[in-house]
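All chains are identified by letter, namely A, B and C, in their written order; residue positions are counted from 1 within each chain.
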Amino acid sequence: MSVLLSIEDLHLNFRTFWGTAYVLDGVNLKINRDEVFGLVGETGCGKSVTSMSILRLLPSNAELSGKIIFEGKNLLELSEKEMREIRGKKISMIFQDPMSSLNPLFKIKTQMVDIIQLHHHIDKEEALKKAKELLKAVNLPDTHRILESYPHQLSGGMRQRIMIAMALSFEPSLLIADEPTTALDVTIQKQILNLILELKEKYHFSVLLITHDLGVVAETCDRVGVMYAGNIVEVADVHELFENPKHPYTQGLLAAIPDPRYKKPLKPLRGNVPSLLNPPKGCRFHPRCDYAKPICKEKKPQLISYSENHAVACHLFSSQGGDIE
Amino acid sequence: MKLWEYIIYRLILAFVVIFFVIVIVFFVSHVIPSNPAALWAGAHPTPEEIEKAKEMLHLNDPLIVQFYYYLSDLLHGDLGVSIRTHNPVLEDISKAFTATLELIIVAEFFAIIVGIALGVYSAVKKNSWVDNLSRLFAISGVSLPAFWFGMILQLLFFKQLGWLPLSGRVDTVVMLEHPLHVITGLYIFDSLITGNWAVFKNAIWHIILPAATLAMYPVGLITRQVRSMMIEVLQENYIRTARAYGVPNWKIYMKYALKNAIAPALIVVGLSLAYTLVGAFLVEIIFNWPGLGRYATYAILSMDYPAIIGVVIIAASAYVFINLIVDLIQMYLDPRIRV
Amino acid sequence: MKKEEIIRVMKILVRNKLSLLGLIIIIGLVITALFAPWLAPYPEQAKGEPNLEEKLQPPSSKHWFGTDYMGRDVLSRVIYGARISLIVAVAVVSLGLLIGVPLGLLAGFKGGAVDIIIMRITDIFLSFPPLLLALLISVTLGRGLENAIIALAVSWWPWYTRLIRGMAISIKEKPYVEVAKSLGISNWKIIARHILPNAISPVIVQGTMDMGSAILEASALSFLGLGVQPPTADWGLMVSQGKDYLLNFWWYPTFPGLAIFITVVAFNLVGDTLREILDPRLRRRFL
């Protein structure tokens, strides 16, 4: 399998009113061609800013360092103009809230045609034809009515389908889906996820799926990365991760899912997510970890391979450590 | 509510408000301690002449009866006769109105263009030195006493540099040599369409300073409002979407963000128009501009109450309808309100 | 407003260069007004004593801002004018609050017909172009400082009524008010104990920000001859008197006008930063 995108030692700081927030603390991850990679973690762990870093859509007070290699190019070294050629064309993105992600004051037609015309140099008529094709591809057959509508006249599910249609305008090689179903009804969620998988088979792109919902991950992803406070703490194949979680945080996350099959008691993680203005030294998880050792307070654990398709960043599994049991 | 139902509702409300304005202005102005009959009768009146004037002006009747007379005249388009000029007030006002209108149009046009440009630019370059400078400029704009700023401009551009005329609307000599065929009463417009270049140039020359003075407040107001609206809009998710698809920045600012920012910014355009209505009072005195403001000021200083009432009613009606039109434009721009 | 919040707001005001400048000017203005008799080089001339030997002298080391048509020192008169401006600003805003706040509380708390009547009245007042109503009332009441203040306050209060009514309505539905009501506590007590203290701080902030506009509008009335009467030293009046001397004796109207401008700018600089902190839609920019 060939690597499509590789993030190497990505650091991201925000200068804020109260001081510097250390939001990403050396993120490493690889996404292969034709795979669905899930990035999970709690709100504020840095999974959304990771995706925004890939497209370089961060606010001006952000300081970014490291490497993001996409199709052989380091995205962090590209000019703003070169970056625009990547955005929408090579890497597309859909967002959590399809209501606020479409401009309320413009008809769907205007918004779609504008984006189609950006990279395809075609006239309005052809762009409109292309828009209709795209809408049909996302199972919105009533194309004329939808194109003439304003966003508020459509349902959440329809708006998310339109977002997906727009994302597919240029047959991208990577689709970033940032919590694409969180704002939708449960029944619609499933349809949207299936649509994304279907289109992936048809157009052959990779998907970076960002979610806090482990159920969604289990159903859709090939591989999963778990994020905690700006670090990737564990990466594994989806089955491996669910069957054999290694990192204490991953174990905690899985233990917190209600499982109707076993009537085991829910075990919520103790403590709170740390402040990124003043993160804990060493392993950022150590204040909440039941297995913390002295070294965890001192040294940051590196992400190292545990087995062929499983890597974990925890001193318990490094040379200095041992197994949890 | 359907759009036309809303418009009718707002129109009814507007008329109710204007009616109350008339009531208030009428009664307030009739408390003024003055002797309009003596003014009316002219210099050195005899007691008989004063008595006759009182009869003419219905001054012997109770206030409520006077109000009835006034209202019924008003419905026939009659605002009474000015005590100072002895002309029908409506005639005086309509003559002065076009002069003020011309001044306001030019000032507001200038203010909207400069205000939007500055506002968008400072929002995009938030917290840069350009932004700070435009903030200082905008705040100065809303803090300038118009009557004083006009004088400073006269000092600079007339006395020191000699570039622009001191006051007036157009030079009498130019008007005599190149008679203007008046169509709308707006000299710049009339001279333009009749091809009277001498008057056109002269009128533009004269309007620059008063219009610039009058525009300062609207410029400040619009700049600040557009800036804060733009900053808010630029944080919206749909702007992030546009960026994520590689839409170039200028297009995001000028097409997608500006439309979202303009609708709320329109409120201040209405507000600033209302300000220019009254700001013109002061500016017209300084620049001796033959408009409504100068007329009103003379009326106030000579206690010419038919003229005062007339001007206030016209100004308040204009204000009410400007606000109504602004609201309707806002509804048109935002399809979420327009159901 | 809680004490820590006031401290936090003050910190932001001081940290921002422009609002710090505004604060310094306002403090300077208050000091000038308080110590005018000691600061002014010719206090007697500031109070109106003519000095006909030195009519219309240009600025010099003796008269920094020159002299006026009666030979009086313009600097001294500008210093004394700070007093009038501050009196006007404080008086107009507090009088406006005195009328506007009770009406707004009543409208918001009572609701129903009382609310409708009060709000329609404010609508009518607000539908006058600003300054026009004040002009009209000023004309009716006659010239003079007190009348100008009353005229401005009468055109001022509806803004506060609107603001506090909105606050009162939202506070009225808070659980602690519901509890107080269910305990049979009288309406007046609820308004005094719960609604007023919670609603007042944004109104007071608004009032402080409005002082600049009050000074500006009062100066316009003075300029039209409807405010303070001579020989009192007042900035607007001085500009008005100096108007006819503009082209040959530029200093006469220039310095008093500059004083108005700088004062109003100072209030607006502080107000602009306050608005950004306190406007909930803009507040997130600071978080």
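Here is the rule we use: contacts are C-beta pairs under 8 Å (C-beta built on N, C-alpha and C of every residue); 3 or more make two chains touch, one makes a residue touch a chain.
In this text, all values refer to a predicted model and were calculated from it rather than measured experimentally.
K.L.:
If I count C-beta pairs in contact for every pair of chains, which pair wins?
P.N.:
Maximum number of inter-chain contact pairs occurs for B-C.
K.L.:
By mean C-alpha coordinates, which chain is most distant from chain C?
P.N.:
Looking at centroid distances, A is the chain farthest away.
K.L.:
Take the average of all CA coordinates in chain A, do the same for chain C, and state the distance between these two points in whole angstrom.
P.N.:
53
K.L.:
Per the centroid of Cα atoms for each chain, what is the distance between chain B and chain C, given in Å?
P.N.:
24
K.L.:
Quick one: report the Å distance separating chain A from chain B, using the average Cα coordinate of each chain.
P.N.:
Averaging C-alpha atoms per chain gives centres 54 Å apart.
K.L.:
Where in chain C do residues touch at least two different other chains?
P.N.:
Residues of chain C never touch two or more of the other chains.
K.L.:
Which residues of chain A touch chain B in their complex?
P.N.:
Its residues touching chain B are 55, 57, 83-89, 92-93, 95, 97, 100-106, 114-115, 118-119, 150, 152, 163, 166, 169.
K.L.:
Can you check the complex and tell me which residues of chain B touch chain C?
P.N.:
The touching residues are 17, 20-21, 24-25, 28-29, 31-33, 132, 135-136, 139-140, 142-149, 151-152, 154-155, 158-159, 166, 224, 228, 231-232, 274-275, 277-278, 281-282, 286, 297, 300-301, 303, 308, 312, 315-316, 319-320, 323.
K.L.:
Where on chain C does chain B make contact in their complex?
P.N.:
These residues of chain C touch chain B: 17-18, 123-124, 127-132, 135-137, 139-140, 142, 212, 216, 219-220, 223-226, 236, 239-240, 243, 246-247, 250, 253-254, 257-258, 260-261, 264-265, 267-269, 272, 276, 281-282, 285.
K.L.:
Residue numbers of chain B touching chain A in their complex, please.
P.N.:
Those residues of chain B that touch chain A are 236-238, 240-248, 251, 255-256, 259-260, 263, 333-336.
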